[in-house]
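Some structures are shown below for you to check.
Presented sequentially are two complexes of subunit A, the first with subunit B as partner and the second with subunit C.
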Partner chain A sequence: MRAVVVGGGLAGCAAALELAARSAEVALVRAGPGATALSWGTLDVAAGSPLRRGGLPLVDPASEQPLAPGRRLVAATHANPAHPYTVLMRGRSPESEVKEAAAALDAWLAPAGLRVLGSVEQTRWLADLRGALRAADLAFTGAGEGDLASAEEIALVDVPGLAGFDARPALRMLAAELAAIGLPARPLRVVPLALPDALAALAGEPARLARRLDESEARQALRAAIERLAAPGRLLLFPPVLGLERVDRVIAWASDTAGCRVAELVGAPPLALAGHRLDRALQAALARAGVEAFAGRVSAIELEAGRAVAVRIQDPAREAGEPERLALDALVLATGRFVGGGVVERDGRLAEPLLELPLYDLAGQRVDGIRPHRLVRRDYEGEQPLFAAGVRTDARLRPLAADGAPRAANAFAAGDLLGSFDPARDRTGLGVALLSGRRAGIEAAGC
Partner chain B sequence: MGRSLSVQVLVVGGGINGAGVARDLALRGVSCALVERRELGSGTSWASSGMIHGGLRYLQRDPEVTLHSCVDSGAIQRIAPHLVFRIPFLMPVFPEDPIGPELVEIGLEMYDRYQPFKNGRPHARLTREQALRLEPALSPRLDCAFTLDEWGVDAARLSAANALDAAERGAALATHSEVVELLREAGSGRVVGARVRDLLSGELLRIDADLTLNATGPWAPRLAALAGAAVRLRPAKGVHLVFERRVSNLAVYARGIDGRDMFTFPHEQNSMAGTTDDDFYGDLDRIDVTEDEVAYVMQAMERSIPSIRRHRVIHTTQGVRPTLYGFGQQEDELSRDYAVIDHARDGAPGFFTIAGGKLAAYRLMAEDACDRLCAALGVREPCRTASTPLPGGDAPLDVRALARRFRIPLAAGVRLGFRHGTRAVRVLAPCDPQPPAGAPPAPRAVCACEPVLDAELAHVARAEGLRTLGDCAFRVRLGVGACQGAGCAAQAAGLLADVLDWPPERSAAELAAFAADRWRAAAPVLGGRHLAAFEIHRHVFLGARGFTL
Partner chain C sequence: MLRGYRGFLRELARTGGWRALSLQLRTGAGHVLRRLRRERGEDPIALFFRNYGADGLRLPDPERARLQLAAEACLVCGLCSVECARVGGAPPLDPRDAVVAAARLEIDWLRLGLAPFAPASADGAAIGIDSPASACATCRACTLVCPAAIPIERVQETLARLGGGELPAAPR
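== the complex of A and B ==
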């Protein structure tokens, strides 16, 4: 049984890894790093949104207690019956679905040093680079160690000259945020980290600084400066530059050196290396699982008698040549939305370019063939039909054609390509990618 | 009760005209207050083509306008050399064009006579091959092409420079402040000042003034109505498309389907294309760009530069020209002349309006208006604005030395020097690396597109009276590049909060307002690769929201 997965973000990788686990021969085609590589350190399954309008509820209106992540997920499916979670959770327990998915992801990433930290039973409060709070229940090694609730004292580490981060404004914001959610007051401070000259020169380029910190001699040079940050009960929150490849080692070292807890702040573009780490760890997992990787863009999908039978790949390095053809028994489309290229503007109109699938917005309206700017609304933070555009599927995640029947009996869709949800507003982005990617892989393995 | 102040002249409107008048008055020793409802130069000035040109197209109907604009363009180059950049134009002639090369050349020969006033070079006629070598993106269908010389300027920054110079010379400056009432003298009906509301703090300010000047551009009729006076304009909407980067080396003429001249031209770090010119009857505070306008401009550009659609349009600018009233003419044919109106004729002595005109002649218009105001005040001081440099325009700046001294990238130094001239040294002074021991870190770029350094943000907040995050788009062009603020606005909000002591909920509100501003500017042209940029934009801005708002 041969399966082809199109798209190499979290959704595509999850599908490929589930397929490989079921003894399928799997090929994964990816054009390049996508939206997953731009993510910032949390696995937002149902992170909730504090936006006053829209978003998922964070607090149970009856008890006024924070809603546990699993309950929020249920709320999400109730709030929007077309949400991918509604399809995924039908007849299942959201908590156990998420638990199982998080465990699977953790197992895939662990050999590369990334763990999935947190649980679906309890809300964890993490701080981001600007000092804003996130109700991120699951987070990766790096930000994941930064649960604020259990810290006796919180210290933001100021790295002088570091591009993209200012500790003082972040501290002011964090103090207000903690007060706003009613966490008990605790000391908050900024502690300056004196970088040795060799590292200070890299402060303007955080990714290079992070890469140097992967090297033990660079860490040795930093030892004295880290030791000075030590204090009992303190949680040291660093900007997200603690290693490019092995954040686990850098954090363990810094924690040992300082003798207190160490974590990263949740990143935000342009300082978001966590997405890169996640991307690298996923690629490594694919290689370990024997998934064959193809670099390039799928230019066409061949259909025969209602089944997908092959994809053709345009290798960007060989523009002139004949596209490579991969025959297949099952197909998973995890091509993303606009960043990934799963939904594009073609001749001025929205389209799904590979199978010409119809696209739907939050309200279930068809939006393919429509000019993008006609799908924008004046209120930036309100519902934007354009940014909920994606395909619709049956219960097995097979994308539907305009007549409501699956486009192909053996084609499945996952991730941001799925429509009728707006991940920026409801913060279910990587959660949908993980849960739908796994399900698509499991379904495809049955073909 | 609120605060109050007393001045000789109250100037309402902080666009280029109002700011130019305030500076002129300040240089003549006349006390004045300048009140702007939003940010300096954020209205029509921002939406202009940013060119101080003579206007080849006005030569036929309005040679006076061409002359004034050319002479004054020369003056602006003298007083603000840092804010001005040369824009050589290419005018391709196509086989089907109604006016052949010979006739075009006659027009350009006439225009050449005006070039010396604005330090421009005479035109040149290029063969098809020469033109294509100079600008490979040109349509190869052309017969030949001509060059002509024009100048660009950062109009919002020029407005700010005028207003800030006025303030340094004693003028009171209030941005984000709206006139809610004109004060009248009982009996005579004389306008004796205004009551002004600070739109951010809600505070009321009473300004007593001997004279009040309405320099609110297209809003002039609205303010005049507060005094029961009439200003008759024929407001005309103008739209520009702004590209991610330079799409051509030179500015290139293009022709709309209706025969109108338009062009695409390098502007600051980008290229712009436009402009439209249509009667406007809508709400001045909500000027929307339509699908038709975007299509009309792109169609025109495509004829000169066939590959234009491959380039990414990142936002639009839209504004309304305060064109003087005329009936029965095409919008394009309306005079670009200006008028200074004494509303004594409407029973509102002490109240004046300045309207119409071109960006290039702002200084001359201000001079004329100030002559009138000074005559009414009995002030005999002459105008000095043609020879007194604007802040930072007093001497050339060695950008390379600046970049070396303060350890900043040359590209950042160039842009800093462009905006601040010799004042760039003052901007960076808090980061002076001397003495070397314990040197503070080098300034960092917050906005990578422009770039804008953290030191510049701190400077405009501390020394230039900047009041909102949104102001930064106009004052230093923060967040108006390809990412539309996704990469810089949150950090900038934090830095401003630190300097201006904003509580966190204020920073969050500023950030939300900034995102909404960029959204309104980008939504009309959302498509292609820009969709991906805004997918990220939404994740960043919605994700940046914490719990304090």
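== the complex of A and C ==
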């Protein structure tokens, strides 16, 4: 059986790895890393920012008790019955579903030194670069070590000149948010990290600085400066520049050197290195699993008698040439949304370019063929129909055509291409990608 | 309210705005008349370039415009530079510089769908590329790592071609 996965973000990789584990011959076509490479270092299954509108509920409105992450997930599906989780969790236990998915992802990433830390049973509080709190229960090595609740003292490490991070405003915001959440007060401070000259020149280029910290000579040069940050019971929160390839080694080294806990802040672009590490580790897992990789964009999908039979790949390096044709028995579409190009503006109107699928917003209204600016509302933090635009699927994750029937019997959809949820608002983006990607892979393997 | 109106009139008189106002009214009236008579004049784009082509305005190369507008999505994360350094070309390239330059070079014109004068410098210095594109190994490592999916290798190649003066020089 030959399966083709279109899209190389977390959803596409999860589908390809599940297919490969079921002894299918798998090809993965990817134009670029997509929104996965812009992710922040947390695995947002049911993450939330309690002090911002639109996040998942943190407290049960009936009993006024704090909700465990697994229950938050259920609450999200009740609040929005069209949420992909509703399809994915039907007849299943959300906690065990997420636990299983997190364990599978952990096994894929572990050889590259990236682990999935935390659990869906307990809410963990992480701080991001701006000092905002996130209830992120699962996070990758780097940000994942930075649970604030168990720290006696929190110290933000200020790297002078580092582009994209300013410790002092972050500290003020963190203090205010910790107080608003009602976590017990603890000392908060900014500690400056004096970079040696060789590294100080790289402060303006965080990716290069991170790359250098992968090398043990660069770390030796930094040893004295790190030792000066040591204090018992302290949690040292670095901006997310602790290595580009092996963050686990850099964190273990820094933690040994300082003699206290070390973690990264949850990053945001342009400090998007956590997403890049995830992308690298996924690519390594694909290579180990023997998934054949194609660089390029799928330009067309051939359908015959209600089944997808082949894709055509346009290699961007030779646009003039004839597109390569890949025959297939099963197809997984994980083309993403706006970053990946799964949903595009074509002739000024919203469209799904590969199968001409209808698109739906949060309220279940058709939005394809509509001008995007008509789907944006003035309320900055409010719901934006545009940002929830995506396809709708049946219970087996097959995308539906306008008549409500699956577009093709052997085509499955996963990740941000699924509509009716806004990943930036409810912070379930990577969770939907992982859970739906795995499920799409399993369903496709049965074709 | 009357005082406000008088203030407006005084301001008009003081700035010489009467001329602008009458020009506005004349062109507006002309536009309405043409619409009423349903006149189809010459192709407006051809008319524009007949009037302003001599000033050096041209339609941009569509491929170049597409690449430069794509470059605007750059987050300046620097991963392309890191990947390029890993490839280890000599002299080492900084693809990010090319992307940042591309996202700025004449970008307001390109958004309008126009290209102004060709860049003056032949060695590319004027448009912010300080490494020759011939050093590029065309391995596409930068393109494949870009979180914003910018076709960096081709942006770089296009800019280098611009710097090399391959585009026709501006008239005059």
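Here is the rule we use: the second predicted complex is superposed on the first by the 437 of 447 C-alpha atoms of A that agree within 3 Å, B and C clash if a C-alpha of one lies under 4 Å from a C-alpha of the other, contacts with A are read in each partner's own complex, and residues count from 1 in each chain.
As a convention for this text, contacts are C-beta pairs under 8 Å (C-beta built on N, C-alpha and C of every residue); 3 or more make two chains touch, one makes a residue touch a chain.
Every value quoted in this text rests on a predicted model; they were computed, and no experiment measured them.
Q: Under the superposition described at the top, does placing subunit B and subunit C together on subunit A give a clash or a fit?
A: Overlaying the two structures gives a clash between subunit B and subunit C.
Q: Give one of first, second, both or neither to describe whether A:R211 is in contact with subunit B, with subunit C, with both, or with none.
A: second
Q: Contacts for A:A37 in the overlay, against subunit B (first) and subunit C (second): which applies, first, second, both or neither?
A: After superposition on chain A, A:A37 lies in contact with subunit C alone.
Q: Once chain A of both complexes is superposed, is A:L244 in touch with subunit B (first), subunit C (second), both, or neither?
A: second
Q: Kindly classify A:A424 by the partners it touches after superposition: subunit B alone (first), subunit C alone (second), both, or neither?
A: Only subunit B is touched by A:A424; subunit C is not.
Q: Kindly classify A:A231 by the partners it touches after superposition: subunit B alone (first), subunit C alone (second), both, or neither?
A: neither
Q: With both structures superposed, pick whichever of subunit B and subunit C touches the larger number of subunit A residues.
A: B
Q: I'd like to know which partner A:I181 touches here: subunit B for first, subunit C for second, both or neither.
A: In the superposition, A:I181 touches subunit B alone.
Q: Report for A:G131: first if it touches subunit B alone, second if subunit C alone, otherwise both or neither.
A: Only subunit B is touched by A:G131; subunit C is not.
Q: Touching A:A110, do we find subunit B (first), subunit C (second), both, or neither?
A: Neither partner.
Q: Is A:V339 touching anything from subunit B or subunit C once the two structures are fitted on A? First, second, both or neither.
A: both
Q: Considering 114-122, 240-248 or 510-518, which region of subunit B has C-alpha atoms that clash with subunit C after the structures are aligned on chain A?
A: The stretch that clashes with subunit C is 240-248.
Q: Starting from the residues of subunit A touching subunit B, keep only those that also touch subunit C in the other complex, and list them.
A: After superposing on chain A, subunit A residues 38, 163, 269-270, 339 contact both subunit B and subunit C.
Q: What residues on subunit A touch subunit C, complex-wise?
A: Result: residues 31-34, 37-38, 163, 205-208, 211, 244, 269-273, 275-276, 295, 316-317, 339-341 of subunit A touch subunit C.
Q: Which of the residues in subunit C end up touching subunit A in this complex?
A: For subunit C paired with subunit A, touching residues are 75-79, 81-82, 85, 140, 143-149, 151, 153-154.
Q: Please give the residue numbers of subunit B that touch subunit A in the complex, ascending.
A: So the residues of subunit B touching subunit A come out as 291, 440-442, 444-445, 448, 454, 486-487, 490-491, 493-495, 497-498, 503-505, 507, 512, 515-516, 519-520, 523-528, 531-532, 534-536, 538-549.
Q: Mind listing the subunit A positions that touch subunit B in their complex?
A: Result: residues 35, 38, 40, 49-52, 128-133, 160-166, 168-170, 172-173, 175-177, 180-181, 200, 203-204, 268-270, 337-339, 343-345, 348, 371-374, 376, 378-381, 384, 386-387, 423-425, 427, 429 of subunit A touch subunit B.
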